[in-house]
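Each of the next two complexes has chain A plus one other chain: chain B in the first, chain C in the second.
So, the complex of A and B:
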């Protein structure tokens, strides 16, 4: 009996250990603390007594909705970064794909062309990036930085340097992609969940996913163990391209306006969310679950600062400090440094 | 090695956080802004009507200020090489100034060399210096750091190259080296909008004003905000919330507006400093079911924003055509080369204040 109890306790401890060592857990706890802090601060600012302000379901849903595009791309980026590579072109890829999607809809008003065409071109962009990185063995940092310049120029060419506005009376099927609702749940949140589930499954439950970790943590071993590391990396880049395409379609279906510089800089936001979620920039470590936490944490901070009516510069300072603090905690924990020692 | 890689990870993440802070998490830094303006009397009475097209200079002209000549076809620029340095050709409005300037100047026989700093302020100075070294016949600068442009203008002046500024002035002390600034008085335009807001809404009740802006360190937006905020300081019943910067991303503007509606449900006025972003706020207001309860004011004169004025979702927008600035620049340079005479320092391009009363007639005149 005592043995069974001990065994059960051991299993519980093991589960707890696994949980607290999972990717992004320290960020998860930090996010909860920060969200509660925002609620307290906002209550104090308003004088209290008027019910919840920050932690309302509507506001939490709004945070998720606002992080949707970054989140979808971040899930794809997680795959690429697990292999030890990076894609710095996602910001301009998204910008270009938004312009292409808007142009398709303005010229054809055909939802199939707009959706499939945009995602298809996104996959093609990923193929080009992936082929250069994996088959030509070019440095991913430099290659994708260079390609971002190409995509930026293409965005300008496609849009003729101007804002492309999709008419409000465009194809209902296309609009459904960005504005439909399932009860109180926006389709934007559904896309976020679908992409997370699919890529999470691929990473954790498929041979391909497991091979990605090996490629990232020990590329030489991966090569000699017969893993198609070139093909696998290529597929990862194509997936991130598809994610950019999907994000572009959903964004255009929702806001119906493409500005040729609207999403430049998104790549830093995406990478930051992935890294916040516990993905190592050196590869071999990371998960979609962790990335979800990274994306949400970033969204909580952004929305909290807006609701607190902070000045832009103050927002940057606090955001930077919190990010460095949280990331330090994660890294120190990994190094085995105990942040909180138990009293004897 | 493993430890080192983690340290590197942390360092990179820290750099990313810092970069993100520097970039504000969204679009590239200095676009050329999205719209501009010119000065002119806005407005109308409390009734909200009688807002008409004005050429700014007409109401404010002084010795240093006049209307820009938009008939660029009257000037011959044959054999002249003109350098055009832009902070960012990717910004729709700012990009169009450059595109149309090149087209108009080339129509008049000039050869135009364009260098795009791609949102890098330092590169503007570098590219201007390259133009000076190339000994162009005239130099046009759009955007960049106003104070750094003083030094550039001086260098150009020393080299005997006339400098013309598109839309934005140089910093203090640089005016003596610049022949003309062609474009809008952004500050005054937004002060005019503020005046219209007060006239339309009165001073009897309290108002909470949300501000949706573009890029916090871009001179266009700085001037616009200054104009609006300075005027509003005299009206304590108008509480201004801090501006939220959506850079060039309509979806970010929509998100910010949603957050504001959640945290400040009492908001009843929105000032958007760029139509494209304002439309994001309008979408958020629509989705919150508050259309009609919140009055929205904006500028640029973008087609869907004019449509929103017709639909009653925006009270007023101000159209400021980029191609007018381009035409004014060609004329100013042409005037200078014609007989060596210098035009007035500020050459103002026309503005159109659009409300529900006149929106229909301007719907097809929008540049984008």
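So, the complex of A and C:
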């Protein structure tokens, strides 16, 4: 009887619960709460009275704008993390690809070479990472950490350790690729949306996407179900590489200079976005929709802390702690699930 | 205290989890020197009860007394100190440590601040001798067989001066010989050491053999509790599932026609050797052997997850290239693996995705999944093999063992295989689900599917198969038709390798001969 009651109750709540439990929804609400908190804190800090500070359209738009590069890479990373792996090399991949892109443009001033070449090399980086992780079955954490060092060194090598500057009169097609505007909408946002839609579609609607979740949840079951799990993982890494390439091209078209020594910490930003969006580090869980929320949430936090006049170091301490917190919540939830299961 | 005295009493124990009353007033009394069996279907509340007893969960109601005093364990350590030890389904052996350290883990004999190695190994020798284990205490525990590891766990309870040892499905991964040893040890513990045992098992003949007293729980409530001698097996089953079960094995005759799978001289060096057999449409062939005899390995090789050194696999007249499960699936082999949680299911994912996993390509157009068709396919099997879940979106991890197993079966049925291999299809699932799985297999055979059942339960093989092939130490030692004359003992001795019997080696002429004679 008790069982029946519980079930009935479960059904009544199911639609609402499903909505709340859907990827990203709870994070979305958390983000709104945090944004409002920032508004309140900033009002208090600045004495109030002067209208909205944080929740202004201009500020929100700038949050989005800052996050676009990270966001594009985060979408690719979502795929990798759903399979239960990780790519720590995206930061230096981006640094290297920026240098390469700048070099291409300086040497050839050919938009095709600059764009396709850079993205192609990005895919190649992903191939190397993915091959090492899936076919040689190396630990992805260690492998991509090691490859980080390789990419960092390559960045310095191709640029001879200097800042490469793309001339302002470079190929218009190349500039268009990163700076065009469609009315008020920057092409950056268009790229962000295109990558999100394409990868979101792949994950939720294709055979490949559905297989990724199984691989992440139980790689052995995937193998016993005839899924080419190695190939699938390799493709995920190549997609991340392509995303890094795209981000590099777009970034170069905008800023036109690459600093091979900017050890940006991009990989931490990317991973934090993905994790905030509800992706489980243990694999099998996550979605592009969740990652979009994660990216925005990260932007809100970052901007909020900056506006509170926290130093970059302070910000990183807080972001690091948030990451640990989010990850431990995941683990705790997992333990909860286990207790539930054992009782059944 | 003497044998038969009650020293542990649980009265009206209640344990509530969000949304469910897992225990709803269970009472049980434990007497010294007796084996107390606890029976119930998956989800009946057995595991929860044990967790309350061993201090994993705090009870939400009722009274728990040891020697007349109410206890409130806050940790498993407190329970162990009070004499309540448990050997869990999942073993908790530290594989890198040696046997002695595993026996005394958390309880090492000390001399001041350093480990007293001399006492440690002497005492370990004693315990091993008592457990009739012919191994050195210096052996690394990870190198032991699962059965031996289980014995180490029991030995561990002994080092802690346990008065009650709880055994949760102890034989689920033991061979027949290991099970016999375990029973002997249990009997010695009870008779010589006056210990109490709570024995939990789905294998009812074990319960009937071992138990002095049987308690059946269902839906978190006591159903019945009385001496074994007052129980019949049928009564036990009836109480467990809440309705009488007519016949566990419902094998209906199926029409056996052409050869579907032919395996010739399949060999994997050091694992199995020169295995040949045929499975025909509509035929259910059982593979029986001791755990580790190579049965599952043969199936893995046929399916392509493992490679083989020589021999061939011919499916429906077409020779298969080994070593590629995707190709095997494409050609129509389905493989329900032995360990559903490890090899069969993605627990964090929905029933829908799990079920349609191998069929996904067929349910898609140009790589894009047709979600309507996917949903329809899953719904159909939810109904046809009655998986009990609120919806196909439920995560598989939240289902009971029997329902999980049905999801695995459904996953392979969806691809409509020509040959279905099921490895230990009913391990760790309750009687009700068992009988449902058997009837599914029987139906499939009637529809003309060729089926291979790998099992370490002779009764299961005899109940569901047309033919049994025995494997001993990687070699085929017998192929017999299941007839009323075939005895359990004969199958067992073939599986042990002490006899051979190839009376039913399939080839057309022999069968016709038999027909003419008959």
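Definition applied: the second predicted complex is superposed on the first by the 277 of 344 C-alpha atoms of A that agree within 3 Å, B and C clash if a C-alpha of one lies under 4 Å from a C-alpha of the other, contacts with A are read in each partner's own complex, and residues count from 1 in each chain.
As a working rule, a contact is a pair of C-beta atoms (placed from the backbone, for glycine too) under 8 Å apart; a residue touches a chain by one contact, two chains touch by 3 or more.
Just so we're clear, the structure is a prediction, and the values are computed from it rather than from any experiment.
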item	value
Partner chain(s) touched by A:224 [first = chain B, second = chain C, both, neither]	second
Touching partner for A:143 - first (chain B), second (chain C), both, neither	neither
First (chain B), second (chain C), both or neither touched by A:207	second
Chain A residues touched - chain C or chain B, whichever exceeds	B
Touching partner for A:59 - first (chain B), second (chain C), both, neither	first
Chain B versus chain C as contact partner of A:287, first or second or both or neither	neither
Partner chain(s) touched by A:232 [first = chain B, second = chain C, both, neither]	neither
Overlap of the chain B and chain C footprints on chain A, listed as residue numbers	280
Residues on chain B engaged by chain A in the complex (per definition of touch)	3, 5-10, 12-14, 16-28, 31, 34, 88-92, 95-96, 99, 119, 216, 241-245, 247-252, 254-256, 258-260, 262-264, 276, 279-280, 283, 302-304, 367-368
Contact set on chain A toward chain B in their complex	42, 53, 56, 58-59, 62, 65-66, 69, 152, 155-156, 159, 161-163, 165, 168, 251, 254-255, 257, 259-266, 268-269, 271-272, 275-276, 280-282, 302-303, 306-313, 316-317, 319-320, 323-324, 327-328, 331, 334-335
Chain A-touching residues of chain C, taken from the complex the two chains share	17, 19-22, 24, 42-43, 47-48, 51, 219-220, 303, 305, 325-330, 335, 337, 342-349, 353-354, 357-358, 360-361, 364, 367-369, 371, 390, 393, 397-400, 411
Contacting residues of chain A [partner chain C, same complex]	2-3, 6-7, 9-11, 14, 18, 205-208, 210-211, 213-214, 217-218, 220-228, 280, 284-285, 337, 339-344
